[in-house]
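Structure first, then comments.
Naming follows writing order (A, B, C and D), and every chain is counted from residue 1.
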Amino acid sequence: MSASATHNERLIAVIATYLEGVRHVAVGASSPIPAAAAMLVRARAAAANAPEVKLSILGSVKHNFFTNGSAELFDCAAQGRIDAFFLGGGQIDGHGNINLVGVGEYPNTKVRWPGSFGSAYLYFQVPRVILFREEHTPRVLVDQVDFISAPGTSAPDVVRSGGPVALVTGRAVFDFDKERAGFTLKSWHPGEDADTIRAQTGFTYETDATAATTADPDAATLELLRGRVADELSETYPKFAARLRDEIATPDGPKA
Amino acid sequence: MAGSGAVMMSVIVSLEALVSRIRSGDRLAVPVDYAGVSMAATPHIIAQGIDGLRLVCVPTGGMQVDMLIAAGLVTSVETSAISLGEAGGAPSFARAVKNGDITIMDATCPAIHAGLMAAQKGVPFLPMRGLIGTDVLANRKDWGMVDNPFAEGDRMVAIPAIHPDRALFHAGLADRHGNVWIGRRRELAAMAYASKETLVTVERIVDEDLLADEKTAAGVLPSLYVDAVAHAPGGAWPYACWGEYGTDVGALSRYGAAAGAGGDALTPWLSGAEWTNRAEGAAS
Amino acid sequence: MAGSGAVMMSVIVSLEALVSRIRSGDRLAVPVDYAGVSMAATPHIIAQGIDGLRLVCVPTGGMQVDMLIAAGLVTSVETSAISLGEAGGAPSFARAVKNGDITIMDATCPAIHAGLMAAQKGVPFLPMRGLIGTDVLANRKDWGMVDNPFAEGDRMVAIPAIHPDRALFHAGLADRHGNVWIGRRRELAAMAYASKETLVTVERIVDEDLLADEKTAAGVLPSLYVDAVAHAPGGAWPYACWGEYGTDVGALSRYGAAAGAGGDALTPWLSGAEWTNRAEGAAS
Amino acid sequence: MSASATHNERLIAVIATYLEGVRHVAVGASSPIPAAAAMLVRARAAAANAPEVKLSILGSVKHNFFTNGSAELFDCAAQGRIDAFFLGGGQIDGHGNINLVGVGEYPNTKVRWPGSFGSAYLYFQVPRVILFREEHTPRVLVDQVDFISAPGTSAPDVVRSGGPVALVTGRAVFDFDKERAGFTLKSWHPGEDADTIRAQTGFTYETDATAATTADPDAATLELLRGRVADELSETYPKFAARLRDEIATPDGPKA
């Protein structure tokens, strides 16, 4: 087993930095990396004797605290009982707007994605929404989305307790600045630099003075990731867990 | 609701008879993939040519919606998303949207829930947070705005009540009175409360009264809301039946490929042959 | 909601500790007679002198409310009715209303449910039919009116969200995680969703995870909403515990007579002696 | 066993005349006479092979179709799924207004009753509300209620699908005329006449041209009442069922 972190482990660890202190995280059924980050935070809390971190995996029979149907997630968010959630986007723009609907003129979009799901609500309600999208290209990270499924910020007269805090991609990590309604580059993953990020990003952003290569997870984190978290992942995301194990065994292999 | 059927007619009917209660032009509510989709009913809807359907996905849809669109039976879809989940996008849906063959009423999950809840409560609308500034809202001319009467300058979205003509879903078991065990899938109850009629296919029909034991009663949709029940074992396939069997991602992918190709490739799905073959395979 | 307590503290606590989470001045939600009233907690609230309580009855109240009023701990009561059921009126309540000792906020059952539902949905109000032309509405200056944005001249009542500080009830069983089996008494879930904290006394605490079996899961209020659970067998007495034991109308009538007489006659009830004596009687 | 009807049997039978064709009736937990009337209508429907009549007894574990808590009754009414319901009133006035709150100046009423319960809603929503109050005196049937828990009629701009259809008391039966917002005397029970009713009624009303003594239940009705309905009543209202049996055995005994 390699001692150095894999790409996916790095993503999990960096997402976990945005989950510190949460009590309840909800993740989508097919979101193993965000789920792993929440499991990591839960494992850390357990190791530190801190209050329990709850993790709801939507659509899962096993990892599901809900008993009031699919409306309960949204009610739960409205009640302030969900601290963090993850959203992606076919397009994400520099103001934090996300598009889950399609490319081209609505409604007869030339490319149609599934739809907005709960984003038009949860983006307003959950205090820490982490945007996660592996693909980091000008096609995804655009200047302006073709359709606003959910806006990054709202006018002051709109009641809104939630919104984006960060954007994590396969290449980099950005913080979201609500006042400015824009992103700040915090770090790039190994193999990238400030220039490659700029070339692959279709929107403008600021760059933090301390921006540098994304830090590798420390030894304690890697131990949790390869122990308790890996075990938990195997139960719910067996394919992803197996891939993670393979990557650890052959760290120089392909990322995807 | 109950009572329009023939005198003393049992609530337990054949799958064909159940499907025949759906009328052309119906506003038809169907559940999210994992909550119990009555897939077995789909080829029968197609065989009976029930068209002009205005689908309401609670709160998202998948293969069933895609099939009905492919069969040309759908006028509009109100939904928060349509996909085949792990098996990818919904090809017939994407094509129909691109070509303008159907009216798409893009929503967000809690707005669908709010519309059904308004119908459940007998009010014309429910107020809802979020949505302001989205193109979802901008494109829903049927939605409105309402002022919070308890705070100055607090304007919210008003989601109108959704009153489906029919709700159609699949569940694990029903009894002979028409009580249906839905467990913690309470969106199915929400659909039934809001709908004029509720049609349910089930894995098993049991003799005992599901309301008699408080343990099971807690997860029961009472017969008061159920108009027809048909026995259809494996009826959610290729989707999961909560607590009974899992999703057949392989079959979903095969469907996705067929729908992507279109034409003849889709025939065994739209005709119901895939279900018949499967049942024969299971019986042999 | 969870998390404000000490690190890794178990959700299972003593009855005294559970009651001590209620604060003077709290808006405290309690359920209807037959849904599981935590009667065992009542003498402890009185012993701890938790006053200034603003009670919300979901949607009606009885002996518990009458006792807290008799003990002088209640500032206001929002309710659709207060009585001892078959045992007659609630004497301390009637007396306090007549003397102006408490503020009575008369409601109607579905308005209480609507207020809790608004809190559950995170909206400031829900629209509601009925009520127009009643003196119930005329006396609720905290309620408002709202126009239906989808029809001209359709004005409805707007029920503001009810956000209790604490919800307190009794149920059959809980597990060690704090999952509580409420069965079909879903008003208990509604109370919990709407409240900042939920405190539950139970007949039994079980080792198995109540969410692990789909049969029981359907009737479970998840631990996500439960802040403290105390073991209090017979804790709804003299009221029924749904599915466990019935109402002790004789005891309710004895209480009614004592409350009617007032003064010393009430002491064994307010002090908790009636519960202690009963427990000793049961043990001997 | 007497062949002639008792007072309570007559009340049950006359209430049942207002329930013809219903599919679902809801009654309160401590309302044996309305429940018996619904059971009678259900028994008749079964005998005639007509569609099943459902009866929900609130607060009962056994006779309860509801699985969504105490809010379900009201939702069910709003959905048009409850055809008939019963209300009483500490005071009932000539316009069909009912008072379940108290006597005197509100809020510090000199007599305080429990409260309005669901009346302020169900009176608007359930198509056939039958007012039932055994006591028929000027103290109960008043010219004007001190507190309107629920109004008999509403202005035309108020959305209202329900309201009172009749008032049945221990002495008489009135129809309610929605247009006129007033009652019409239809019949008086044996022992009463038009004059005694007028003397005991605190509000003005019209008298139907055909008003006469309340008809006795026919033999078929009595048979159902003393057979199937009595058995069903014994299960839910054992005390009332026993009293009914005693009354049948001694028809000249006291009414109460």
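In the analysis below, contacts are C-beta pairs under 8 Å (C-beta built on N, C-alpha and C of every residue); 3 or more make two chains touch, one makes a residue touch a chain.
Not measured: the values here are computed from a predicted model.
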Shared interface partners, meaning chains that touch chain A and chain B: C
More contacts between chains, C-D or A-C: C-D
Mean-CA-position distance for chain C and chain A (Å): 40
Averaged-CA centre spacing for the pair chain C and chain B, given as whole angstrom: 37
Between chain D and chain A, distance of the C-alpha-averaged centres to the nearest whole Å: 60
Separation of chain C from chain D, taking each centre as the mean of its C-alpha atoms, in whole Å: 30
Shared-contact residues (touching 2 or more other chains) in chain D: 61, 66-68, 78, 125
Multi-chain contact sites of chain B, meaning residues that touch two or more partners: 117, 121-123, 128-129, 154, 156, 184, 189, 214, 217-219, 242-243
Touching pairs - complete list by chain label: A-B, A-C, B-C, B-D, C-D
Touch list for chain D against partner chain C, complex: 29-30, 59, 61, 66-72, 74, 78, 100-102, 106-125, 147-151, 154-155, 157-160
Touching residues on chain B, where the partner in the complex is chain C: 114, 117, 121-129, 144-151, 154, 156, 158, 160, 182-184, 214-219, 242-243
Complex contact set, residues of chain C against chain D: 32-35, 58-60, 79-83, 85-86, 89-90, 93-94, 97-100, 103-104, 106-111, 113, 117, 128-137, 139, 153-156, 184-190, 242-243
Chain B - residues contacting chain D, complex: 1-3, 5, 7-8, 119-123, 189, 193-194, 211, 214, 217-225
In the complex, chain A residues that touch chain C: 23-24, 49-52, 54, 61, 64-68, 75-81, 125
